[in-house]
Structure formats: structure tokens, C-alpha cells
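Next, two complexes with chain A in common: one pairs it with chain B, the other with chain C.
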Partner chain A sequence: MKVGIPRGLLYDQFHPFFTRFFTELGAELVISPQTNKSILDAGVQYCVDEACLPVKVFHGHVCHLRDRCDLVFIPRIMQLYKGEYICPKFCGLPEMVTNSIPGLPEVISHPVYATTMARLRQWAMASACPITRDRRRVKSALEAAVDEQSRFRTGYHDQGYPIKVALAGHPYNLYDTFINMNIKKKLNNLGVGVITEEFAGGEDTAQEVRALFKKPFWTFARKTYGFIAALASKKHVQGVVYISSFACGIDSVIIELVRDRIKDFPMLVLKIDEHTGEAGVDTRVEAFADMLERSCKHESDHSPYGQCLYSCKSPV
Partner chain B sequence: MKVTIPHMGNVYIAAKALFEGLGVDYVIPPLNSRAALEIGSLHSPEEICLPFKILVGNYIQAIEQGADTVIVTGSCGPCRFGEYSEMHMKLLRRLGYKVDFIVIDAPKSIGFKELLARISRLTAHSPGTKGRKWLALAQAVRIMGLLDAVEAKAHEKAGYEKVRGTCKNLLKKCRQEAYSCGSPDKMLDCLNGYNRMMNEVPCDRTVTPLKIAIIGEIYTVIEPFSNLYIEDKLMDRGISTRRLMTPSWWIRNTLLSPAGLNSPGIKTASRDYLPYYIGGHARECVGEAILSWKSGFDGAIQIFPMGCMPEIVSKAILPTIARDKDFPILSLVVDEMTGEAGYVTRIEAFVDMLERRRNHVVSGY
Partner chain C sequence: MLYLGIDVGSVSTDLVLLDHGLQVVEKHYLRTRGNPIRAIQEGFRLLADQYGDREIAACGTTGSGRQIASVLVGADVVKNEITAHAVAALELDPDVKTIIEIGGQDSKIILLRNGVVSDFAMNTVCAAGTGSFLDRQAERMGISIEEFGDYALKAETPVRIAGRCAVFAESDMIHKQQMGYNQSDIIMGLCEALVRNYLNNVGKGKDIRPKVFFQGGVAANRSMKIAFERALGFEVTVPENHKMMGAIGAAILARDAVRKRARTRFRGFSLVEKHFESKGFECEGCSNRCEVARICENGMEIGCFGDRCGIWSGRIRTCRPIADSL
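Our next item is the complex of A and B:
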């Protein structure tokens, strides 16, 4: 039995769990390659137009696996923490894919609630059905997978650069070096080190989130908002680089909340979509790096907008 | 305290009745217009959905007329609407407006105590007894129900009326007259009268007009300004339309959902295509498409604001339904840039296609 796992969306964060689980069950794994031009093109061709870039890329990965496996695993990640969702598109991801790409093999798409072990076990039992019915084997596979995942760490934390920025955004935009055009390398080459949210947890972030009127109901929103707000208000970094996919609903909210919190603190929002031209990104990143360098060395506290946006009078 | 509410279809009429029944001071913002949308687009984040921008326009226009408290519902679904209140508060504060928000949120997320505390912030300013307050609420809900019923009848009968335009004019008069009523009791009488008149509109039931279901995101289907008055446009062409999403449906659905008793029809209908609630009203959209196919409609039009996350999922599913059931579905995306001419052309083409399908062509999707 060949199980296909698309290398898209949250694969970068949860691949130890999913790959270990299906390997332990005795399935042969087929994993799609790193995102490339042909995968992106296939995704754009099949996916519904309005979807965001990462969802289109995911479609491309599934399309790549279409004729190479007997079962495709499309995670329907509903909740990772209690009372928090990922995004509506994640909840409906299997439907989007199966209704857009013709000729797919059987799909495993049971909802994943990673809130308690019992709910994960339900998912494991249901998902393992087409591969094995041995309940004990499923149980031990799940335990091994959870164990593997708990030892897994991602994230960047550069040392020894004169300038440090917080690199924020959804994990699939940060770690897919094809769709973000290897932004980390670009920044590093300009003498800018990055830190990601995995290295900045703790009380500061939690406190920032608690100060909101409403507890965010998206995991991404809670983590990213807390991360940027904590680092920027404590001035642990000199700037923020936010990678956001065009038309991302969650980012439109996070960026607004963050802007309101950090005011004129330097933040570069890089929008990426399937048309992104690399030269434009280079220019913007270089300009941002120059500005940070100048504000650290020569001038202090100049607004990144050229004028104080947040203290000016409303035009209405 | 001077309260206000954002616009959504006919809700302002019921809200007026509620505030008058409670005896609190209120401001109803000017009806949605280009002006409200322009104010909203100026201040809102670029990529947020259309309802957010219109709401900002409503709030600012109401504040300019003296409002100092906004009453709005919340949600904790994975759709962006849940974050609206937080973002609106911060946006208005940043613009220098002093305004309070009373967010009526689900007790599941804020707790019953907090919910009651928030509601009492409104009712504390009402001079009446407890009984009066409950009566005011009941009357407002009843008014909303009547308005929705009158509207639904007008939309349905537009295809059958003997004199083209009777229903549309009656509906327009109904809204105007109900809004100008001085008290909730008078408003109820007025609406009951119009409900009767709507029943008596002379109809020719032998004709077979096109029947189109309006489905999609709740705000853009209910608020006529945001969908460029699509229902009026279809009424003008003598097309009978139906829309299940109404404010009174929303009230019923919200009250019943904790017990899992909400919209059983939609749940069964959508089971094959989208068996989970994914936020917003994506599942309802898919369910309504199936339900309208089952009740013999000619087609459906899905409307949603640009970037609406749940509706993007349903938009991916709808072509499959169209193929499987041989049921044409048109998806229309609206935002502040929507041009009316292009929009109308698409609706006309869709309607033409539905007419031809009936007459001589037996082709499907």
C-alpha cells in the first residue's frame, strides 16, 4: 500500500508525526518533492482562483502524487489547541482538493483534533482503516508518532549578525523556500539575522495576547501576534519582516492588530502570490535592510513610513 | 448613551422597534451607500472583506450623528467576522472617535455572566420594567420575522405577478412605512397589513417563471447594497428568487445550534459534499444549493465578498454539484471595486442561459 503525503501547508511542521505514523502502520510512503515551478503551475491550474498561494501549492503537490500512490493523505486539521482553529480552508481542504482535481485515488481526510490524546486516537483509528485493522498496531504507531513529533524542532535563530529582525508569517510561507524565494538567505546576505516564533515563547507573548479584547480563535493569530508584539515592544529586534500570502484572511487581521500594537516600529510586509517577481522582492528587502541599518547606526526612531502614521489626525 | 447598530438588510427596522420599545436613545446610520463604503475603504486594512469596510462606514456616519455606543454580534467561528469587533474598536480609537462597543458574543466563549453583564449595559439605560424589556425584545423578533416573510413573498411572487413591479413597489412601501411608524405596536400592525397585502397580490399561477436561489455569504446576500441589489434586478426581470439566509433564520440558527438542532435540512443535504462545519456559512451554502436543486429551481447564484475564506471552499465544491445534479450555479465575487456593468452582464448571461436550457437545449454544465 503506497500512501502519498503532499509536502504542502503544515507538512514542514508536522511531517515527523505523519510520516512516522504511516511508516509504523506498514505503509510505503510517497512524498512529493520540494515545491517547484511545475508543482506551482499544476496547483494554479486546478485550484479555485480565489484561494491563497499555499493552498494552490498544496493542490500542486496532490496533483503530483495523483498517479504515484494508492491513497492520498490530506490532513483536515481542525484544531491544534482547544478552542482555536487554523483556518476555514484547512477544515475544508479535502473537499477543495477532491472537487478540484479529477482522477484522485482514495483520500484519507478524517478531521484532526490534536487537543487531547483520546481525540487523536479516534483520528488514528479512522485514518488507519484502509491500511491495517490491527488496533494495537495503530495505537503503538500513534504513540511513536507523537513521541517523534515532540522531539522535533523547527525555526530559525541566527546569531552574530549586526541587525536582527523577527521573521513572521505562517509556517508554510516561512519554510517553503520556493514560494518565499529563500527570504532568509536574502536577509542573511544583507547582514540581517532572523528569529522565528519558535524561539520566543513564554510569558511575554502570553501577556500580549491576554491584553487583547478578545482571545484570538486562530492558532496562527495568537502565536504570531504575541511573538511580534512581545519582541517589538521589548525592542529585542530592530524590525519585523512579515511574509504573507495574497488574500490571506487571517493575515489581514493579524497585520492590522500588530500594526495597531507596535505603531511605527519598522515592519515590512511581503505579499507573495503566484506572480511574485523576484526583482521586486529583492528591492524591497534591500531597502528595508538599508533603512534598518541607518536607523540603528545614524538616526534613531525614524518612522518607516516617512511620516508618523499613527499619531496623525484622521482625514475624516 | 446613544446606541447604534450597523446595517444588514432590514435589521435596522427591527432594531428601531427594539430601541423604541426599550426607551433608549438611538441613531440609525444612513442607509448603506457609496459614501459609507468610501469612508470604510479609506480606513480599513486593504485585504479585509467587504462587510468590514461597510461597517466602518456605518459606524463613522452614526458617530457623526451623535452615537456613542455600538451594539454588534460576535462569533468565535474560524471566520474573520469574529475578529471584527476587536479590529473596529482599535480602528475607531486610532481615528480619534470615542465609542463603546457592546459585543453580544456566544456564551460558550465569554461565559453567561459576561454575556448578561454586557446586555445589562444596554438595558440599564432603559426606563421600563423587566416585563416591558422582554416585550420589546419579543416584538422586535416578531417584526424581523414579519419583514423577512414579506420580503420572501415579494421575491417569490415577482415571477407570477400580473402587473410587473407590484411586489417590488409594495416591498419598498412596506419598508418605508414600517420605518416611519412611531412605536413597535404600530409597526407590527403596519407589517401585518403589508403581509396581508402581499398575500393578495394578483398572481397568475399558470406561468412558469425562472426560479433562482440566492446563496452564499450571509452579509452579502442579505445586505442589498453589497450585492448591488441583485434581488431587485431579478425581480425586474420577472424572476422568482428564494434566499434561505435571513436575519430571523440567523436568530433561530444561533439559538438552536448549541443543542445541535439547527437547520436539519441543510445538514442532511450537505452531507455528501461538505460534512463538517468549517466556519462562516460554507456548509449552509452547499446545503442550500442542493435543497434548491431538489425543490425544482432552475439555478443558483452564489455571492461572496472577495477573500471570504469559507465561501472559497464552497466555491470549490459548487462546480461538482453543478455537474452531478445538472444544476447551473453562478459565483459572483463582490468588493468595493465591483463594477455594476460587468456584474449585470454576468447575471444577464446566466439568466439567458437558464431560459435557453428550458426551451430547446438539453445540455448541462
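Our next item is the complex of A and C:
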């Protein structure tokens, strides 16, 4: 039995769990390749026009798997933490995909509520059905998968750069180097190191979120807001780079909340869509790096302690 | 000793020569017409008649076509437009606090505090409300873009035009025109819509303080200046060389770069005689299938653009400057 797993949306965060689970069940895995032009083209062709770019890209990944597997796994991720939800598009993702792409094999799309082990077990039993009905095997596969996921670490934390920025946004925008035009490399080449939210959890973040007028409804909003607010207010970074897909509803809320909290702390919001011409992104990123570099030089020139705080390479 | 600045934008390609005191001695504003290479050659042809290669002490490029321009001419500095515009404005007046820049495809706001850029914003992926849209509307109404702004000055009661999206704006303009409003009132309404759109999108949440400089090609439109002044409630300054500010900034930055390096990379005006050809191909090295543009000079490859991994663009790092071969 060949199970196809699309390398889209939250794959980057949860692939250890899903791949281990299906491998333990005895399925052969087919994983779509890194996003590329043909995947993007297929996604744009099949997906409804109003969806955001990452959802379109996910369609492209499913399309790639269409004739290469017996089952396609489309995770319907509903909840990761108690009392908060994932983006609404994730709840209807399997329906969007199956109604848009013709000729798909059987689809596994049971809702994932990763809040308790009991609810995960329900998901595991239902999802394993087409592959095996051996309940003991499913149970041990789930345990192995949970263990695998708990040992998995992702994220960026660059060291040794003169300037450091918080790189924020939904994980699928941050880690898909095709759709974000390899933003990390661009920043690194300009002498800017990045840190992502995986490396900045802890009490500062939680405190920032508690100070909000209400608990955020979305997991993305809670994590991203807490991350940016904590780092910016403590000045652990010199700036924020936020990657947002065009027309993302959750981002529009997060960005406003963040701006309200951090005021004029430097933040660059990069909207991404189907564009593959890099001139526009380059200009914005270069100008942002220039601004941080110049202003940190300016500050260091006027440091009350009479010492240079950061060594900037160039005066321009 | 002259400093050459080149700003290759979506609509115009601007070249300036600055003297030692950073005064503009020569300026050319040319239309890019979709072909940046030809536009640069055309500009060089105008300069080559009067100036020799050795008079150029430094050369800088900016604008969305800055990379391709730098390979062609041998630039000492390749800078983004934001920094270039800020540098040029600060050179002119160290007290400037805000720069409004509207070009062919981009609109930007740059906030300056204590002589450095403290914040900036650019339009997002959409280019509504920029120079190319005004161009199109002028053409549609059969008015030359140079006169477009002056037409609006005659307006007595500007009509309201929807400004959120270029397509909405155009249909609203057509509806108003079919209802019989006069052209001046419609054009002034459009200018006000663009200003409203700019302040609500690009300038959203930004603390716009005087002194404000209005730069870029659209600043030539006098009605836009008036519309900005009405909306902001204070005076907006349009610098004399508002169209060339990017190029001026690039020239100033080039001077600074050469000071450290002691020698320019400028390849000379002979570029005019050369035959350049651009060929696009799809790289088959990996599944990204990047569309690579290969620029050839007299049949010899001088640079490639558009690949993600750098296998093509990294092949030829720098062309030998003429100074080295002498």
C-alpha cells in the first residue's frame, strides 16, 4: 500500500509524526518533492482562485501524488492546543482538494485534534483503517510517532551576524524556500541573522500573550504575536521580518496586533503570492537591512557608553 | 572628476553626472520602454559625446534594474531605491523628515529621523496608483502625461473616484465621464483618490512629519502635490531634480564606495558600440526550473539572472574593468 504525503502546509512541522505513523503501519511512503514551478503551476491551475498561496501550493503537491500512490493523506488539522484553533482553511482542506482535483485516489482526512492522547488515538484508529485493522499495531505506531515528533526540532537561530532579526510568519511560509524566495539566505547574505519562534518560547512570550485583552483564538496568532512582542520589547533583535501570504485573514489580525504593541520598532512585512520575479523582494529586504545597519551604526556613534555596540561592515 | 548615477526603473531610466561638489552637471531622463539595456545604451550615447571614460570617477546603479545595469556598466555600488532616495534627499536638505516617492511601479514612504532611515514602507504586490496607472489614464483620455497634472488645476469641484484598485478607479472614472462631468474635475478627483489610497495603504500608521519631500516621476504632476498638501495640511516640497533623486543617490553612494576602494570599476562609454543580446532559457538542473536570462555582449556571456541557486548568476563574478587592462 502506497501512502502519498504532500509536502505542503504543516508538513515541515509535523512530518516526523505522520511519516513515522504510516511507516510503522507498514505502508510505503511517497512524499512529494520540495515545492517547484510545476507544483506551483498545478496548484494554481486546480485550486479555487480565492485561496492563499500556501493552500494553492498544497493542491499542487497533492496533484503531484495523484498517480503515484494508492492513498493520499490530507491532514485535517483542527486543534493543536486546547481552546484554540488552526486557520479555518485547514478544516475544509480535504473538501477543497477533493472537489478541485479530479481523479484522486482514496483520501485519508480524519480530523486531527492533538489536544489529548485519547483524541489522537481516535484519529489513528480511523486513519489506519485502509491499511491495517490490527489495533495493537496502530497503538504502537501512534506511540512511536508521538515519540518521534517530541524529539523533533525545527527553526532557525543564526549566530555570529552583526544584525539579528525575528523571522515571523506561518511555518509554511517560513520554511518553503521556493515560495519565500529563500528569504533566510537573502538576509544572511546581507549580514542579517534570523531567529524563529521555535527558539524563543518561554515566560516572556506567555506574558505578552496574557497581557492581551483576550486570549487569541488561533494558535498561529498566539505564537507569532507572543514571539514578536517578547523579542521586540526586550530588544533581543533589531528588527522583525514578517512573511505573509497575500489575502491571509489571520495575518491581517496578527500584524495589526503586533504593530499596536511594538509601535515604531522596525518591521518589514513581505507579502508573497505567485510572483517569482525577485527584484521586488530584493529591494525591500536590502533596504530593510540597510536601514538596520545604518541606524545601529548611528546609535553606536552616539552610544552613551562610548563604545561601538555592533560592528557594521559598511557605512552605507 | 564626475560621479555617474544610473536609476533603471520600470518606466524611466535616469542618468546623472555629479561634480565634485555633488552638483548635477548633466541629467537625462529616458523611457525604459521595456528594454533596460537599450535605455542605458541610449543614455550612454548622449553622455559619450561630451565626456571621456577617464572623467568618470565612480559609478552607481539603483532601481529595479540595478543588477543588470551594474553588469553592463561596471558599477562601484549597487543599491536599493530606498537608500538611494534617502541619501539624495538628505544631501539636499538634512532636515527632511519624510519622503514620499511615487515611481512607475512602486510607491514608497521613507521616514527619516536624525539623518537616518527610521522606517519605510512600499506598496505590496499590487502596483495600483503608481505612475504607470496615471500614464494609462492620460493615454486613454488623449492627454499627454506632461499636461495631465495641469489639466486638473482647472478643476473647481473634484469628483470622488474610487481609489482602492486601479481597475475600480478606471471604471469609476469612465462612469463619471459618461455622466457628463468635465475632464478637469475627474482628473483632480483621480489625483485625490491616489493620494487617499497612498496615505491609507503605504502611509498607513506612519507618522508623516514635515518637512516632506515628494520625489519620483509622479511628482511632476502638480495636482498630485496639491492633493497631498490638502490631505496632509502642510507644505510638500518637490525638489528640482525630483525625477533623478534615485540616480543622484546612487552617484553619491558610488563616490563613497570608491573612496574606500580607490579605483572605479566603470567599464567606459564604449558600451554604446557593443551589441547586447538577452536570451532566456529554462534551467534543467533541478525541479525548480528557473527561468534564466542570459545577457551576451558581442556574443560573449557577461551575466545571468533569475536563477535561485546561483549556478548561473555566480558564474561570472565581475567583468574586468577597463582600468585594469590599461
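Note that the second predicted complex is superposed on the first by the 297 of 316 C-alpha atoms of A that agree within 3 Å, B and C clash if a C-alpha of one lies under 4 Å from a C-alpha of the other, contacts with A are read in each partner's own complex, and residues count from 1 in each chain.
Convention: contacts are C-beta pairs under 8 Å (C-beta built on N, C-alpha and C of every residue); 3 or more make two chains touch, one makes a residue touch a chain.
Note that the structure is predicted; figures quoted are calculated from it, not measured.
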Checklist outcome for this item: So, after the overlay on chain A, do chain B and chain C clash or fit? They fit
Checklist entry - Counting only touches as set out at the top, which of chain B and chain C does A:Gly83 meet: first, second, both, neither? => result first
Checklist entry - Once the shared chain is lined up, is A:Asp290 touching chain B (first), chain C (second), both, or neither of them? => result second
Checklist entry - So, does A:Tyr175 touch the first partner chain B, the second partner chain C, both, or neither? => result neither
Checklist entry - Can A:Lys214 be said to touch chain B (first), chain C (second), both, or neither? => result first
Checklist entry - More chain A residues touched by chain B or by chain C? => result B
Checklist entry - Who does A:Asp251 touch here: chain B (first), chain C (second), both, or neither? => result first
Checklist entry - Thinking of the overlay built on chain A, is A:Pro111 touched by chain B (first), by chain C (second), by both, or by neither? => result first
Checklist outcome for this item: Shortest Cα gap between chain B and chain C in the overlay, whole Å, is 5
Next on the checklist: Under the contact rule defined above, give the chain A residues that sit at the interface with chain B and also at the interface with chain C.
Outcome noted: 246, 315-316
Checklist outcome for this item: Listed in rising order, chain A residues that touch chain C in their complex are 33-34, 36-38, 178, 181-182, 246, 259, 264, 266, 271-273, 275-276, 278-280, 282-284, 286-288, 290-291, 294-295, 298, 315-316
Checklist entry - Quick one: in the complex, what on chain A touches chain B? => result 47-48, 50-51, 76, 78, 83, 85-89, 91-92, 95-96, 99-100, 111, 212-218, 221, 246-253, 255-257, 260, 310, 313-316
Item to check | chain A partner contacts - residues on chain B that touch it in the complex | outcome: 39, 42-43, 45-49, 60, 74, 76-80, 82-83, 85-87, 89-91, 94-96, 103, 105, 109, 273-274, 276-280, 282, 306-310, 312-317, 319-320, 333
Item to check | Complex contact set, residues of chain C against chain A | outcome: 64-65, 67, 77, 79-83, 87, 106, 114-120, 122, 124-125, 205, 207, 253, 256-257, 286-291, 306, 308
